[in-house]
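As structure tokens, the structure follows; a few thoughts come after it.
Chain lettering (A, B and C) follows the sequence in which the chains are written, and residue indices restart at 1 in each chain.
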């Protein structure tokens, strides 16, 4: 008696598929069936218990309608995905639009982001130029094909120009090891690796100019419960290709992180990264930085062109602590340049440290696969009766671009930040920055007030 | 007997879910069940009646498959959307692809447009240059997150260049009041506010050069049954940011409309708009206009650079009438420039008026929330045995760019238009324009014949 | 007895809807029903047989939830698509995301491609510049509206610049005749017409510079079982529009193909194409070619500017053979220029021939509607326990840009290629090229080694 009974479960599951519309009905059916004597009282009881315990079953598959017979869409053969597999897609939207086959063999997500900034400057020496801009306007395709092949293609259109961001392919068959190729961030600096969607202040700290950021390359990464390692070989970035008659330079970059504490809302993150790069036919380098504000184009510190650079070595140390709603984060980066033609070597460095506090009790979430921070999830939502998440933050950063003959200047910035996250997708930010710079004997200490409206589709 | 019977409804509803494939079967099942004596004849009759009356029930929800366990996709907490909500998505396509959660809390739409133009010129004095171009090629993301947050990100790629169009975020919790920020059209001029997808002629009329169009700003709008009001503060547009060392100018713009008649296919629309803008560090302005044809780059009227502009005041009056297949529309715009350095003030103006007639009986539809026209819906469709909608139209427009020392010229255009809408998404347009211009004593009166093929995905 | 029995099928179909989760259960239900005596053993047997034979039924329709009442989304009238039609969408993803209404009246697909190249040059005379680049990064919208209107909008962002590729609208009511307008490839050259996603080597052969490729135009195509014909009138390309004061040139291009053998894995393809173009106000032409490698910008052969060109006539002959895993393909193209101002006429030509062999037994698939090759489908998949498809190929190509006063040079290239297709969407390519060029008496014979990582979302 028991076997057919268990199998009758399928009938109930079926009804469950009918969902909320049948909120009461699915159990009522059992009433009917037992009354009709189609099932016994025993069966009834057992099914009821089973039903109440069982997870909601997966939805019905949606087999493809017979495709329009066009030869441009060849029918997959043998090992190709079947029409049934390909069309058994669950669609999700929480901002982005995501389609996923039942078995997650194929995932496709279309998302994007829009960051709108405004800035008012209390200029000191140089005029910084009040105004507004679209800081970032991106469309992002990302997903998985055939289980183990991940990809991303993200293009930014800010300033009415094309800027390809992430554009890579990753092979994940041997997780937790993945092999990646394309345009992606060299593994260097916690703040750089954390997406601009999730950084705590509107712009990254002053020493961020030392991080290599995205270049075309190939690399491997590995992640374990508490640690991650990443290593890659990188050519030059996309804009380096303009003169294609010169050999590009290339570099090797690696990052290693360890999280001695990695709990829900509690984290200690430690990391170190190193990068060695040989210049190609183009051996000119320049380091310069805006005052942690992007509306202006003025750089208070600027080395100008440094010629005859043979190689660049970078080292970075990073640490972060999350303790419930509180967090601390800091980095130190040092960059060493070897020059030929008798020029002496150069060393520049910078650091930052900051703290953040969620007044509303949220905690900065950590992505332990990539050892970086990710999206804050407000405890209450504007649009569902809540008031969102509120965060205050304070940062101090310093940068020294002076060494030997290079007088790039020094700058120290103090930033106060206030962030409001009405929902997971939306954030409003306000930053007040006091910059304190000196270059070629001239002090330039402007104040900046800037705000951002941000929506992220993911 | 009645209660279990009613509950059996759930079984029938379930079958209804199987949809058209069961067009007959769902009722046939009742036949089976009654024959099998699982239900009585009474029950059968009642269920049949119920079935025939009842609306088609909502489909089964699609609970998300357990997500791929990756820490980059954090599980939403507490107030976050649940997996069930996010994945209970209805997908629609009538051109664009749209996903919508059951409760419409999240909507995501991907669409676009493609406008392909060709023009032949019967030049008079200046050569206008026959040719073809892609007038517009846009990709558009738009939608809603968390019920009350709307957004749009639209990028145009025509002329192989990036041109961010709408890029904004809107908060609609307190409808019919909405607060908007980002890059969007300043509320000025009915023809400007009406999307280029829906304007009656291929290009907007001559005085359109006075409309401020899109700029970065923040504003509020309110709409009621018969009237709308919109007000905003705007910085400069996206291309104004090139030199970031100068302060941007800013302006305040408002528009108010009233529709004394607002019925199905009958409309009287009246509107007035005003705009006041102070220039920033860049105080140079230029007004010029193509002859309502975009393939050429020649401007028959052109003020050249007007320097030392302190502020710009604009005023516009607009009216439109729709009476079944007939419609009339007209606007008058006046622009006043204050100059310093002893230059005298300037005033320019322009107007247009046009009529349109749908030979096939359609009527121009009005968007009463935004007080503008929207997509024409053909009564018959090419591709479904119909011949589409056909519209003829006639426009007269005038522009005067002469005042004081500025000899920008005068132009009057007469345009005859023929539009064919084979479907809601597709439109073919043909325009014949006779331009009549005079500048610096030289008359230049070319004739233009131009056509457009347009597809809109929305 | 038979009729109700057949109708019970609907019950089974319903269960089938519950899909893989019911892999066993759907037949088990029959067990239950027969045991419960709801159906007889006869019925049971027949249903089982039926079930095993029958195609998977269509999924339940998803009637749209009542749309958010906003006037910007007008309710379709009369002949407009109904909400039910529009929302009865099957979503598929095998890389791209595709939504299709039940009746295929509306199809919407979002896809793209990413090609990442690296090249190392053993330069001879001119330095070619080792490096890496994103060769192609495209986002593609394509689909159908109202049954008979197809469209595509594809934008490439490689080199951080916009390059609109396919952007067209096609009317297919009278299949097998279609009318197309927009930016698309002039019908000339098998290798040109075959998508860069599917060509056998990383770059097309040397004579490809003679193919007109994409221009704005309008044309007609017809296809039958074994032959195709295509003819169009084309203006100039998108970048030709920069100076809009000049008249554009235009041309007429046609291609005819015949496949005397067109079987599964067996093909003989023959084709001929011709193109005649009159230059517009811009009568300067230039032919030049990279050495079948795109990372470098160096052209070993280059005619320089050829002025006073009145018209260009091109003729091409093409042939291809597929015999199981083996294939051969070759083309010859001749270009004739008429010049005025007393310059003598010019003729240039080029050809290529290549063979390919799938070591793993796949066969090059042919698109008989467009007479070109399409995506290779590996017999085994990496990510599903397989090793993918492996192909080796060898090509010889020649180009002669010397005639009369024009000393553009001659080049012959030999290429060895190895392709690995781990899945249908992904391909890794390695090419070794030995170029043999002579121009102005100088020989320049570099060697090229280049690799590509490619992912295609379609």
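FYI, a contact is a pair of C-beta atoms (placed from the backbone, for glycine too) under 8 Å apart; a residue touches a chain by one contact, two chains touch by 3 or more.
The shown structure was predicted, so the numbers you read here are calculated from the model rather than taken from an experiment.
Visitor: Give a one-word verdict, same or different, on whether chain A and chain C use largely identical residue numbers at their interface, taking over half shared as same.
Guide: different
Visitor: What's the rotation angle, in degrees and to the nearest 5, for a C-alpha fit of chain B onto chain C?
Guide: 120
Visitor: Any idea how many Å lie between the Cα centroids of chain A and chain C?
Guide: The separation of the two C-alpha centroids amounts to 33 Å.
Visitor: Going by the contact rule already set, what residues in chain A reach two or more other chains?
Guide: Chain A, residues with two or more chain partners: 14, 17, 38, 57-60, 91, 97, 100, 102, 107, 110, 139, 161-162.
Visitor: Which bits of chain B are touching chain C when the two form their complex?
Guide: Spelled out, the residues of chain B in touch with chain C are 14-15, 17-22, 25-26, 28-29, 31-32, 35-36, 38, 56, 58-60, 90-97, 100, 102-104, 107, 110, 112, 114, 116, 118, 126-134, 137, 139, 144, 157-162, 295-298, 365, 367-370, 374-375, 377-384, 386, 422-426, 453, 455, 457.
Visitor: Considering only the defined contacts, which chain C positions touch chain B in the complex?
Guide: Residue list for chain C touching chain B: 4, 7-11, 13-14, 17, 38, 57-65, 67-68, 70-72, 74, 76-81, 83-84, 86-89, 91, 97, 99-102, 105-108, 110, 139, 141, 143, 145-149, 151, 153, 155, 161-164, 167-169, 173, 181-183, 216-217, 235-236, 238-241, 243-248, 280-281.
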